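Heads up, the next two complexes both have chain A, just with different partners, chain B and then chain C.
Our next item is the complex of A and B:
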């Protein structure tokens, strides 16, 4: 099976090279058969990558301990669930997995648009094949997951060794989130290849209009959604497994996942300027180019250990390959831009400070500043070593100082932007849209201040969250009221109806609402508390309203580890028993590592987070470390809302279906007939 | 002509808005940089540091000298070796040391130099040398490693 897998990978590389070369030839000659054969080579590449991935999965499930990668990341006792996760738990497998996910996207794109956009698709195919060639080169020659254990024997033969058992999976990775976090994040990373390929293709082909934006909107949304979920799952994993009481430590790899998210979010917003007003064309093209390059950089940071981090593997030559690839991508993008930059001429100018355009402009500006700050902070050790010879790192204070104000500004724009009109907004509409929410937020701020909330950023964040939530709710309420007046259904049913009529706009509002919830959760971090104590049996630790009582410490062997856990009784308000918590430490025999299992009692108000922190050096007593983290649950809830909102934006508009079915009857004046079906609210100033 | 003036005026407004935002954020970044910059050094470089460089926050990597770990009340003393040199370290942080912190493990300490030339560490990360893929070159943990589960390090947020 290992031979089958590596052969499939080699053949995939051959096919990808054909798809690239044949594609270029097809563009030159415009021969339809050549176009078709290049496309089919692209499809074949994907099919072969699927086969190679399947054979690696098979090797894991058949406990093939002669394959180096299987030995390093699995053992016989490993459960089925984690044998799948073992696929992407190391260098070689992750890179194959990258190719696999990319192949899923490429396959869908090539298949979905096989008979459409004939002018554009050959270019897209060529760009995609180019990216695939890079990853397949790594899969084949630099980090092959199919290497077998063995040594050359006499007579040119090769003796294969088979080990009795594998080394097992890193215990830190044996956690459910670790099974779904990497696929999500990687789906985000790879997904941005699609808008990148279309943007570059449109530029190379001088493809007229904004068609590439319409074509890629859904792909971008999907990639963005995966990335958001991936980042949040990673944060949740860090929170629940690493046991330091937080979810975000500005670790290089965390930052690496955030960077393309920032530019990707900027891109999602600024393409609307191009769609509606024909502006920001150069900007958009470069945003999507940068997003793709940051995805590659993210993979580089994760895989090469350029900067030390939780995830970084031993420093290896693989970094040079990535740097080389980044250089090639940058050169190709620059060349395409220089050659065809006249094609990207803007059709309009900015009119007013208080307009939808300028809100997008500022949104983009601060997302980009944030991206640059995070990027330079992450790479600071590398750059400072080049420039001054000493390696200097910057820590959390640097990142927080810049990004907290940026987050709040963004939150403000989230509330304001969608309600501003294109071109210029009248004072009247400002009053109508923002009067009540502003008063509401200010009043709430005053109440909170009176109640003793003095933390500046948290206070501002609370007010902004309420402001944004109020503007969004008002939007739903107004729209739903109009529908209710006509149809007589309940307000809730009218709101659902409203959403299905303009999924893009109202789905967007739902995503914004999810971001508000996430910000509520982040604001709680200012009030985190923790306490640590050496515990004798029967002694207690007080934190906030909770009292922790250590009842016993026990130890029991499990399938592939020994668990040592504390039995802690939690009491609230003095001595009212509430529940039991079992913070745990696991010792894995196969690789002599240990892992922490944090016990969390989570409510909407706060998380009680209890860690068995090891034994005290002085007297060998077990140490308990308890954290009280307010509002953390809101972050995860917000994530769920963001996903739901994104799904809504991907649904087709019901209005469009109605308009289409109505169109044939009234061909000469479709607009007039469509009008009554359109809720009047969508025609108002400032909406689309 | 008036139209052109209008255009310039609009441009100027945006330019002012943008530079205020970027300037303010740049200033914050500079503050954060000053507050959190940490210099990476090897053990051999420490005695050669002069003047202001001695007062910086430092991060040093090395191997825990076998038999040197002494657990005292309130602190843990040990000796860190690397490149043929060694330095005494006092760990004064509040978190328990990670399980991976044993004789001969690779450790990464963050803190500052004391007057007597010893190192006062607030954070210690450690990893068991044999269990991870080896980094090329003589052990420089900062560049190579996986942060172990129980590292005694905490970040804000």
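Our next item is the complex of A and C:
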């Protein structure tokens, strides 16, 4: 099966090269058969990548311990669940997995548009094939997951060795979220290839209008959603597994995932300027290019060892390949832009400083500043070493100080931007939309201050969260009230009806509400506290309102590891029993590594986070480390709301159906106005 | 006005709960001096975490660094002395955040610079695009009769485009 996998990968590379060369020839000759054959080659490339990936999965499931990658990342006792995760746990497999996910996207795009957009698709196919060629080159010649263990023998033969068992999977990855976090994150990274391909293709083909934006909107939203989920799952994994009490440490690998997310978010907002007003064409194209390049840069940082990280793969020369690819992509983008920049000319015009357009400009500015600040902070140790010879670390305290004010500015714009009108917002409209929310937020701030909340950023964050929540709620309420007056349904049903009529707008509001919940959770971090104690049986540790009583410590052999766990009774308000917690340490015999399993009692108010921190070197007593982290659950809830909102934005509007049924009953109108009007179009300010 | 009250009341309740949660005095960070100083150093095990937050099972680096830190603090050394000792032992990479002097000052000033320059650019862009705007002519009496079908269609398309979604 390893030979089959290798062969499938090699053939996939050949097909991808044909898709690229054939595609270019098809663009030049416009011969329909060439167009078709290039597309078929693209589909075949994807099919072959699927087969290669399936081969590697099979090798894991069949415990093929003659394949180096399987030996390095699996063992016989590893559960089926984690044998799937082993696929992307190392450099070679994760690159194949990258190719696989990219192939899923490419296959979907080539199939979905096989009979549409005939002028654009050959270009799209060529760009996608170019990206696939790069990854397939890595899969075939630089980091093949199908290498076998062996040594050259006499007579030019090759003796294959088979190991009795493998080294096992990294303990940190043996956690359920690790089976879903990387696929989500990688789906985000690879998904941004699609808008990149369409943007570059539209530029190269000088494809008219904003159609490429309409075509890629869903793909961009899907990629963005995967990226968001991936980031949040990664944060939750770090929280639940690493045992340091936090969820975001500004590690270079975490930062690498945040960079394309920030530019992708900027693109999702600024693209509306182009859709509505035909503005910012150059900016949008470069935002898409940058997002894709940041995905590659992130991968470069993760895999090259340029920056140190616990999450990073082993140092290797593979980074040079990514640098080369990044350079090629940049050159192609620059060349395409220079050659066809007149195609991107737009009539940029603003009617007023206070308008939706201006808010988008500031939104983009803040997202970009955040992105560049994170990027420069991440790379600063490298630059400082180049310039001064000594590496200066840039850790979480720096990133927090820099990004918290930026994040709060963004939160403010989240509340303001959507309610500003396109073109111009009147003073009346400002008062109507923001008067009550602003007063409410200020009053809330005063109440919170009086109640003892003195942490500046948390107080501002709380006020802004309430301001944004109030503006969004008022938007839903106002719209639902109108529908309720007409239909007589309940307010909730009216709000649902309202959302289904304009999924993009109200789905966007739901996403914003999710972000508000995430910010609420982040604000709680300022009030984290912890306590650590060596524990004897029957001794207690107090933290906040909780008392932790150590009842016992036991050891239990499991299939793939030995578990040593504490049995901790949690009491609240003195001696009132609340629940039992079982923080664990796991020892994995195959690779002689250990890991933690944190026990968390999570409520909306706070998380009681208990870690079995090992044994004291002085007296061998078990050590318990407990954290009290307020409001953390709101972050995960916010993530769920963001995903729901994104799904809503991807749904089609119901209004089109209503339009067809409403049209016959239209009242007679003067001849000059007798054209079919878009039903219930109400010209009012502050809508999208 | 009356219909806004229930929402206002609900939101005020949320504020009350939130401020109570966040404002409880018991939640204040209770740190000793060692913990406060330790928060300014990185763990040198390569985990890229702040020293006081490194909790990797079996991380001997953080425990020995914390022990060393405790000794300095117990001896009554000043923060500057402790910092110098750590920098001498581990190099400048022990800083959790770049010091606000020398080359490291660049790291601190860059984000503010980006924001400042970016804001100026955006304001200039808005000002420039705003200057291009010319107010539409006020229709004279009897003007509606002069609106062509093409103009009307174009206006309809624009209205639809700018108000949908």
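We take it that the second predicted complex is superposed on the first by the 661 of 688 C-alpha atoms of A that agree within 3 Å, B and C clash if a C-alpha of one lies under 4 Å from a C-alpha of the other, contacts with A are read in each partner's own complex, and residues count from 1 in each chain.
As a working rule, contacts are C-beta pairs under 8 Å (C-beta built on N, C-alpha and C of every residue); 3 or more make two chains touch, one makes a residue touch a chain.
Just so it is clear, the model here is predicted, and its values are computed rather than measured.
Participant: With the two complexes overlaid on their shared chain, look at chain A and say whether chain B and chain C clash or fit.
Facilitator: clash
Participant: When the two structures are overlaid on chain A, which partner does A:248 contact: first (chain B), second (chain C), both, or neither?
Facilitator: Once the two structures are laid over each other on A, A:248 reaches chain B alone.
Participant: Given the touch rule stated above, what does A:224 touch, chain B (first), chain C (second), both, or neither?
Facilitator: Neither partner.
Participant: On chain A, which partner touches more residues: chain B or chain C?
Facilitator: Of chain B and chain C, C contacts more residues of chain A.
Participant: When the two structures are overlaid on chain A, which partner does A:509 contact: first (chain B), second (chain C), both, or neither?
Facilitator: Once the two structures are laid over each other on A, A:509 reaches no partner at all.
Participant: With both complexes overlaid on chain A, does A:398 touch chain B (first), chain C (second), both or neither?
Facilitator: both
Participant: After lining up the shared chain so the two structures overlap, which partner does A:477 touch, if you call chain B first and chain C second: first, second, both or neither?
Facilitator: The second partner, chain C, only.
Participant: I'd like to know which partner A:373 touches here: chain B for first, chain C for second, both or neither.
Facilitator: both
Participant: Is A:616 contacted by the first partner chain B, the second partner chain C, both or neither?
Facilitator: first
Participant: Let me test your reading of the model: by the given contact rule, A:388 touches which partner, first (chain B), second (chain C), both or neither?
Facilitator: second
Participant: Would you sort A:212 into first (chain B), second (chain C), both or neither based on which partner it touches?
Facilitator: neither
Participant: Tell me which region of chain C runs into chain B after superposition, given the options 23-31, 59-67 or 149-157.
Facilitator: Among 23-31, 59-67 or 149-157, only one stretch of chain C overlaps chain B, namely 59-67.
Participant: Check chain A for residues that touch chain B in one structure and chain C in the other, and list them.
Facilitator: 242-246, 249, 251, 308-310, 349-353, 358, 361-362, 365-366, 369, 373, 381, 390-398, 401-402, 406, 594-596, 613-614, 617, 625
Participant: Contact residues on chain C for chain A in the complex?
Facilitator: 3-4, 7-8, 11-12, 14-16, 18-30, 39-40, 42, 46-50, 53-58, 63, 91-99, 102-104, 106-108, 110-111, 114-115, 118-119, 121-122, 125-126, 129-130, 132-133, 147, 149, 152-153, 156, 159-165
Participant: Which of the residues in chain A end up touching chain B in this complex?
Facilitator: Those residues of chain A that touch chain B are 171-172, 241-251, 305, 308-315, 349-353, 358, 361-362, 365-366, 369, 373, 381, 390-402, 405-406, 409, 525, 532, 591-596, 613-618, 623, 625.
Participant: Taking the touch rule as given, give the residues of chain B at its contact with chain A in the complex, in rising order.
Facilitator: Within the complex, chain B contacts chain A at residues 7, 10, 13-14, 17-18, 21-22, 24-25, 28-29, 31-33, 35-41, 59, 71, 73, 76, 94-100, 108, 128, 131-136, 141-150, 153-157.
Participant: For chain A, which residues are in contact with chain C within the complex?
Facilitator: Its residues touching chain C are 242-246, 249, 251-252, 275-277, 279, 308-310, 347-353, 358, 361-362, 365-366, 368-369, 372-373, 376-377, 380-381, 384, 387-388, 390-398, 401-402, 406, 422-423, 436, 440, 443-444, 447-448, 451-453, 455, 458, 462, 466, 469-470, 473-474, 477, 481, 502, 504-505, 520, 523-524, 527-529, 544-545, 585, 594-596, 605-606, 611, 613-614, 617, 625, 628, 630-631, 672-673, 675, 677-678, 681-683, 687-688.
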